[in-house]
Amino acid sequence: MNKLATLKEAVASIPSGSHVSLSGFPITRCAMAFAREVIRQGIGDLTVSQCVGAMDTDLLVGGGAVKRLIYGGGSLDRFGRLACVNRGIENKTLQADEYSSLSVAFRFLAGSLGQPFIPIRSLKGSDLIRQIKEKSAGDVATIADPFTGEEWLVLKPLLPDVSVVQVQVADQEGNSWIVGPRWDNVEQAKAASRTIIIAERVVPTEVIRQNPERTVIPGIFVSHVVAQPFAAHPTSVYREYDYDARAIEDYVKAQETPETFRRYLDEFVFDCDDHWEYLEKFGGLKHLETLRADAVLGY
Amino acid sequence: MNKLATLKEAVASIPSGSHVSLSGFPITRCAMAFAREVIRQGIGDLTVSQCVGAMDTDLLVGGGAVKRLIYGGGSLDRFGRLACVNRGIENKTLQADEYSSLSVAFRFLAGSLGQPFIPIRSLKGSDLIRQIKEKSAGDVATIADPFTGEEWLVLKPLLPDVSVVQVQVADQEGNSWIVGPRWDNVEQAKAASRTIIIAERVVPTEVIRQNPERTVIPGIFVSHVVAQPFAAHPTSVYREYDYDARAIEDYVKAQETPETFRRYLDEFVFDCDDHWEYLEKFGGLKHLETLRADAVLGY
Amino acid sequence: MELKYTHSELMAVSGARELKDGEIVAVGLGLPVVASFLAKMTHAPDMTILFELGIIDPEPVHCGVGLADPRVWHRAKVMSSFVDILGSILHKGRVDVGFLGGLETDQYGNLNTTLVGDPRGKFRHMVGSGGANDIASAAKRTIIIIRHDARKLKETIAFVTSPGYVEGGESRAKAGLAGGPSRVITDKAIFGFDEETKKMRLLSIHPGSTLEDVLGTMGFAPVVPKEVPFTEPPTEEQLRLIRTSIDPGRMYMG
Amino acid sequence: MELKYTHSELMAVSGARELKDGEIVAVGLGLPVVASFLAKMTHAPDMTILFELGIIDPEPVHCGVGLADPRVWHRAKVMSSFVDILGSILHKGRVDVGFLGGLETDQYGNLNTTLVGDPRGKFRHMVGSGGANDIASAAKRTIIIIRHDARKLKETIAFVTSPGYVEGGESRAKAGLAGGPSRVITDKAIFGFDEETKKMRLLSIHPGSTLEDVLGTMGFAPVVPKEVPFTEPPTEEQLRLIRTSIDPGRMYMG
């Protein structure tokens, strides 16, 4: 089935209030073009989940689209912090359920396998679990291992309404390959009711059939396939393009206050009809080619 | 670390009474040379686990090496049944804990993730679970989902002492690629205390580093790497060689009675000092080349 | 003019007719493979075919001796694992239809693939479950394909490998299971299940068979409505596809 | 002749010395990366380096800005997932050593990477856990690397992101956790933990520092044995490797 869609169409399929998982990891394979389009369309009250909070989540929060965040902490690596997320937590405008990388990954895994709950060794003896019990008591519990009697912390599965995954290669049915590490993306896609694939390149299904071991997200999980080059800019996509250091530094400056961030949104989200106009703001093709990954190094 | 070993050395590392998981699926990627060497060395009282019982398990049982089998049923596809396994069950010389494919796969998965138990929807309302409760009550339990109150059947993790996996490609550290479907093999390797890799070809680690997404079994799980061409004969190895129909038919004839099977063992196990002598019995290279996989079809 | 076709061909065609476009189908080898590929080549191009070992949507160019034969994996879109297919697709609740075969079934569609004889006494052990019990437990509905014979359609079966409606009525739901068998396709007839009692209910008789023949060759009495139509015969196109491209060697339909 | 080296270089070298050949090490970016690669290039060639996002044994030729920088994934033997690294290796109990850094730590090695200020009142939110809490919970032992400063080595910390010995004594075991911190490496000294009380115990003072300086710049009093040796300085070879091949741009060593 041909699931090719424009970014506008794919984003328009998400009602406000949805639970959306995002594929970014601090500054790589972030669903940036997706986040910008969500803000453009004024979709709000989202719950966002992600193992390690990334730039896509920070932008969505800064754009006022997020009500609740379920994550394991995060940053922009050496470039900076998730300042929009942190500000939301500090002034209580954002409900953040804060876990660890593995506890969120296990919640996605349980969701992906139709498991009712999943035991974990993490979180015990920390203020993380104390805080989670205060904010979202219904998401964690303690049960006795029926085989040993040992007490185990168990987590509730995460079941996003939509999983949004930025990949390198997909076919029109959504059969997708992720090149490089996959962090939580495969479990996110399988845990969600449906997945929106944003692919740097769409290839014929014939190409997929030639390397079926590489298909980490089967098309049956996918509702839309968006072909959009440089969709993760300014973050990197392994073997496609490097992160755009200057553009990330400008973002970090913009995070400083709600006012400066508002101006950033005006310039890079609202003043752009679509992703192509956004890319032009950075000098278009001429500049983007400077980010193109080296064929051997992959960055 | 260089873990290259001969089949004799790798097999000698397994004490009688061990729990061994095998990588075969009815008549493909079966650890046949391994099973023959185990019988040759007189290792016994093994517990064998495998999602779908295959030819490697049937040979081990027929060779008297197995005390207990944990599996989801099995066959030799159209060629025949696991007659040695079935005979053992019928005359009560083999304890067989019989599950379904997924329930064994989930037991390996739980073992691979350090999970104390894993819930499953299967087995309920069947005679399979009734029988398991009679034979191995301690491996299953029922608990209430702390989030919904719903009753769930939970299974105990499978933790093999050794996982034996027949792969196409590995390096000397045991970083391994499986070409084609992997069924339960990756979970087996990660659930076990250690893994013995039997590879059709050993490649430089440099080759592994060029396609790290394909490394489904990291070397850290591996204790021995055995380079042994045609080690799965007479079963197939995808993209390497096809199954040997005539040899499997001869095996099926031999299964008929303990006496005929004994003669089979004499000819194909005890009369062969090693795998190379075994292969010569089938006409050696000249015959094996007729099984060599077509580069496009993979069989 | 009247078409000539075999019982197997009619069974495969009847199975294909049960599959809707866009559905996800878990398949074992034999007739179900023919039924599934036939549906995909005709009215259900967007149907997805799963093999438990880790195969999605293969396009074989040769017939295979079983799921372990790489011939049936050929040109798959995905090659993965049990956990991927039976875990994240079946156990997650995404499989619409599962095909099941067996040694014996009873009036509630409970299936035995484990043994013949007396499990407590003398018996012969057979194949067992494989993914059958998982499919019977987690698919939204299952289709049973079995030979029409009093030794296969029995009042009581020796072993329940894959639960159907257990003891009928609400007993399957009480056992904690959703779904259940929707059809039983034999070489003489097609059955459904009664809404209330969950007992097998005759839906149609294959051309060439009679009601007496159908009822006389089974070990229990199915619900029989006043009017029982004949099963719709295969079309010329369906027979052509089966004979020329799906199973030219009569390997699955043998 | 005496070698010149920075505090960071001594910390990295001290970290490297804690790693044994054949061990499996979970690493975050910065000093731990330098310590781990240094160990692997010298006395621990068969050590395995893990990055939580799905990286095993990379061989970077460029420094990166973080774990999300493909430069640090370069030439890895495995590129997989959180579930693979943190699940089947860490949670399974296969990780020998985990490196941890933080904003604050107390005398029991509890670590805060979440916030500064008053969690109930005014605070600044920082990075949070990432894999730190998982490593602190499941690694056989952890090594804490932190700047030696009274605002970082505190009597009580604002938030326990990653548990050390909790409240000391048996409290970590009572919380259901094995392992725990084995070393704390600062820019002035190296600490271990007392067998009984699980309180930080001074093991060695870096050349150039004094006991007074060490104790005067921390917010709690560690156990101090009668004899406290000086930390072994880096060798010429270790410094050469750090400066010429591991961190020529001084990116990780600040």
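The chains carry the letters A, B, C and D, assigned in the order they are written, with residues numbered from 1 in each.
Here, a contact is a pair of C-beta atoms (placed from the backbone, for glycine too) under 8 Å apart; a residue touches a chain by one contact, two chains touch by 3 or more.
Because the structure is a prediction, the values reported are computed rather than measured.
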Chains in contact with chain A and also with chain D, listed by label, are B
If you average the Cα atoms of chain A and of chain C to get two centres, how far apart are those centres in Å? 41
Can you compute the centre-to-centre distance for chain C and chain D, using the mean CA position of each chain? Integer Å is fine. 58
Can you check how far apart chain B and chain C are, centre to centre, with Cα atoms defining each centre and the answer in Å? 29
For chain D, residues contacting two or more additional chains: 79-80, 83, 87, 91, 138
Please list all residues of chain A that touch 2 or more other chains. 114, 121, 150, 180, 213
Once you've mapped the touching chain pairs, tell me: line, ring, star, complete or other? other
Which two-chain combinations qualify as touching? A-B, A-C, A-D, B-C, B-D
For the complex, give me every residue of chain A touching chain D. 25-28, 51-54, 71-75, 77-79, 81, 85-86, 89-90, 98-103, 105-106, 109, 120-128, 131, 150-151, 180-187, 235-236, 238, 242-243, 297-299
Going by the contact rule at the top, pick out the chain B residues touching chain A in the complex. 114-119, 121, 138, 141-143, 145-148, 150, 152, 154, 156, 178-180, 213-214
List of chain D residues in touch with chain B within their complex: 22, 24, 46, 48, 56, 59, 75-80, 83-84, 87-89, 91-94, 138
Contact residues on chain C for chain B in the complex? 29, 51-55, 61-62, 64-71, 73-74, 79-83, 86-87, 90-91, 113-114, 119, 123-134, 137-138, 159-163, 166, 171-172, 175-177
Residue ranges of chain B touching chain D (in the complex, touch as defined): 1, 112-114, 173, 175, 190, 205, 208-209, 212-213, 215, 218-220
